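Consider the two complexes below, in which chain A is the common component and chain B and chain C are the respective partners.
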Partner chain A sequence: MRIFWELTKTSLQRHLTYRAATIAGLVTNFFFGILRAAIFVALYDQQAEVGGLSLQGAITFAALAQAFIGYLSLFSWFELMNSVYTGDISSDLLKPMNYFAFWLAQDLGRALVNLLLRGLVLMAGYALIFDLIWPKSILQMLAVLVAIAFSWLLSFAWRFLINLSALWTPNARGILRFFFVFSWFFSGFLMPLRLYPDWVQSISRFTPFPHMLNSVVEIYLNMLSGPEVLLTLLAQLLWATILIAAGQFVLRAGVRRLVILGG
Partner chain B sequence: MKHALNLYRRLLGVQIRSQMQYRASFALELVGTGLIALFEYASLALVFERFDNLGGWTLGQVAFLYDMAEFSFGIMDMIFAGFDPSLFGQNVRRGTFDQLLLRPVNISVQVLGSEFTLRRIGKIIVGAGIFASALALNPVAWTPPKALLATLMAVSQVAFFGGLFIIGATITFWTVESIEVVNIFTYGGNYMISHPMHIFPAGLRQFFTYIIPAIFLAYYPALYILELPDPFRLPAFAPWLAPLAGLSVLMAALAFWRFGIRYYQSTGT
Partner chain C sequence: MIRVENLSKHFKVFKHHRGAMGTLRNLFTRQYNLVQAVNGLSFEIQPGELVGYIGPNGAGKSTTIKMLTGLLVPTSGELSVMGLLPWRDRQKYVARVGAVFGQRTTLWWDLPVIESLNLLQHIYKIPAASFKQNLDEFRTTLELDPFLDTPVRALSLGQRMRADICAALLHDPEILFLDEPTIGLDVVAKERIRQFIQQVNRERGTTVILTTHDLSDVEKLCQRVMIIDRGKLLFEGQLDALKAQFGGKRELLVDFAEDYPSPQIEGAEIAGREGGRVSYRFARGEIAASELIGRISAKYRIRDLEVREPQIEETIRRIYEERLLEN
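Moving on, here comes the complex of A and B:
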């Protein structure tokens, strides 16, 4: 466990040094959030509520979605794939530590930096220009924090799993991009799921993606009742467990056929 | 000139052959790129079942704007991939750009031919498909001037975004790291012109009218072709400013690029 926290700490320190990248990410995310909010204003066009989501809720949704990009590495995460291609994976596998935990620890450092430096700063920025919704009670705030933590675990388990495809193909980038698009759509990143037709929402329920972003925001916006919140948190954990188990299984199958070229 | 064209053709040939080397992988990337475009469009089109308009525009009308941008950006991204700031920044950092400079051939042609992302065809096909669906949803009474303007619209957008890529690439001569802020103009600009401009905050809209003339590349030609009233009451020739806006950005970008090369100092790697 000590190694885990050490890895987290070094990763955290490393990501703290990427100042230029953090600022650039902030500016870009901030800009896109404003565009997304403008689209909601135009779509709602004086309607108070659509599909159970108010305009104020939709704007808050747009802000949170941007704040989550860095934290969950929503756009892309190729680090494990790259380590397969550079051959670093061979020494990483030899480390006296579970391979999943090895990456999990590092991703935790990355995620924390992005949550604090990008997520929180973005929300503060949006609060200056938009009338956002904030959690109403300590209990709700607590549920939001737990959901945010679980969403990271779930998102990481999924990113780990799909990156393992690099063990089978010399060019996994295309496959990964393909998988990432599914998560943008079904996590509600592109549009809150409640605004889609019912059949799209039904399909999304069979995937883990809504629990990466959409559910977290719905808890934040107080759109779920107490029991629903508990069920959502459980579903997040359940999906994370399934994906972690799948990752372990796929890893074992992949490592058996792994060939590292010397050099 | 003939020599340069010949060289470009050869470089393209190399690119295409190498990308076709792994057939299955290429097919997957093609489908993946197409699906990305399709899902992004679907996220907008599907919410029209609950909202019937976007700032007064129907889905068919918005789709007309959207696919033009998708189609043109796809073509631009394929042709100008060598200037893609994130990729080009890497070449500057690693010193591979210096290798190109040492060769006794036109540097712009070499950079242009250094990358040709064929997988963008996926995005281009989806763009064309949405175009067809836009016309089906919202039939346009085509006249020769409208057809001409639609063509000019696509060409000007390619020139415009190509210019932005070149500017972004040139900036990396000084910054070395590719600066993500350029994305605001390229991807942000693309996002804005994919939607009716009047829905965006006035400050942003004015920036993309007077500083970066993006509004003339999509919104104004679309108003003319779809026969919609102009909420800002610009002169009637505004839609025809599209080629001027596109070409002037590309020309300015090329001038900046030449200036950048003259003052380029290698990173020494």
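Moving on, here comes the complex of A and C:
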């Protein structure tokens, strides 16, 4: 456990030094959020709610989705892929540590920096412009925090798994982009899932993606009952376990056929 | 300590057809060439040895090291290091060995050296006392102090190599694998690294396996060499034995005080002459240099002389080119 925190801590310090990148990301996310909120205002066109989601809820949804972009990294994360292509994976496999945990710890540092420096700042910024919804009770806030933590674990397990495709192909970027479209679309990042036709929602229920973002926001917006919240948290954990197990399995198969280039 | 038997590693390299039609064919056909990077390799290494592993580019050196460190899974053959199977027992195994790949770093690119080393302390679970003791020692012997707080990306190649070697030794590994540790370094930096490797091998008893292009590394460091070419072991044994067997002839250069038209001498042949300077070639084992010098000075008046050993480079080059060891 000590190793895990040391790696997290160092990664956190490292990402804190990328000031320019953080500010650039922050500004971009901020303006896209305003654009998305404006689209919702136009889409709702005076309707009180669509699919059980109020306009205020939809705008809060957009704000939260923007705030979580950096934290969850749901549509681009190529670090592991790059380490396969540069051969850095060999140095990492030479360390006496579980390879998944090694990356998980470092991603936690990256995620925390993004959550605090980008997420919180964005939410504060949007609160100045829009009338946002805030959690009503401490219990709900607690549930939101747990869901946020689980959503990161789930998103990382997914990113780890798909990045492993680099072990099979000399250019996995296209494959990853293809996979990221799924997590991007079905997580509700693009639009809250409630605004989609029923059949899209039905499909999404068989995937882990809604639990990466959509469910978290629904807990935040108080749209789920107590038991539903508990079930959602359990589903997040269950999907994380499945994806982590799949990652371990794929990793073992991939390392067996690993070709380390250069040298 | 290391036992390798009939070890092979084959890679499939997919054929790429050129041109527009070729690109289309690439989509539908999966033709490949089988590259036999390592082919039926067998050897043993005892604890405390310092072994040089040499061969031309593409000979299979790095592939062997990667199998020995558990990064690559052999296609066939047996491999056992300290009783473990490196690729299968990866975590347990890598905790007991150290490895330096000259062309890449184990350290975190954007962290100061000392922070990378501190992280490694936790990753390898090194007890604080022995970590401190080792670090203090390496700081002196490898002269790390001037750049301990510098991020790895800002280090010179020589500094980075010293930092990497330090990182590979902090956990007191039983075996140290060095893949091209002196590549790209200047003479002074090379010499410093060599002395350090020797010291580690002698004082700590660490078994060292060293691959290199630079034969002076091998000449200065290794008691035993293994030469590999095209995936096969060509020679294994003492460097001196290699020289004696294939080293060609030694050379004696003599500056005569007077002009002798044909200063023949028994036991050596004249290889060339240039004014008053004559070079003789003689075989090691047939006649000693002192004996030859005695014979010459008994017959002629000489001003100066010099004995030249055959260069190890020359020897190895002959082995590769003339395939002296293949049959």
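Details
By our rule, the second predicted complex is superposed on the first by the 262 of 263 C-alpha atoms of A that agree within 3 Å, B and C clash if a C-alpha of one lies under 4 Å from a C-alpha of the other, contacts with A are read in each partner's own complex, and residues count from 1 in each chain.
Everything below uses one rule, namely that contacts are C-beta pairs under 8 Å (C-beta built on N, C-alpha and C of every residue); 3 or more make two chains touch, one makes a residue touch a chain.
Everything quoted here is computed from the prediction, not taken from an experiment.
After superposition onto chain A, the modelled positions of chain B and chain C are compatible, with room for both. Of the two partner chains, chain B is the only one touched by A:A38; chain C is not. Residue contacts after overlaying the shared chain place A:R256 against chain C, while chain B stays out of touching range.
Touched residues of chain A, counted separately for chain B and chain C, are more numerous for B. Look at A:F75: by the touch rule set out above, it reaches neither chain B nor chain C. After superposing the two complexes on chain A, the angle subtended at the C-alpha centre of chain A by the centres of chain B and chain C comes to 90 degrees, rounded to the nearest 10. In the overlay built on the shared chain, the residue A:P197 is in contact with chain B alone; chain C does not reach it.
The least CA distance from chain B to chain C in the superposed model is 5 Å. Chain A has no residue lying at the interface with chain B in one structure and with chain C in the other.
The touching residues of chain A, when paired with chain C in their complex, are 2-3, 6-7, 10, 14, 17, 86-88, 90-91, 93-98, 255-260, 262-263. Of all residues in chain A, those touching chain B in their complex are 20-21, 24-25, 27-28, 31-32, 34-35, 38-39, 41-45, 47, 50-51, 169-171, 173-175, 177-178, 181-182, 184-185, 190-191, 195-197, 200.
By the touch criterion stated above, chain C contacts chain A in their complex at residues 11, 62, 66, 69-73, 87, 90-92, 94-95, 99, 101-106, 108, 110-111, 115, 118-120, 122-125, 179-180. Looking at the complex, you find that chain B touches chain A at residues 22, 25, 28-29, 31-33, 35-36, 39-40, 42-44, 46-47, 49-51, 53-55, 119, 177, 179-181, 183-184, 188, 191-192, 195-196, 199-201, 204.
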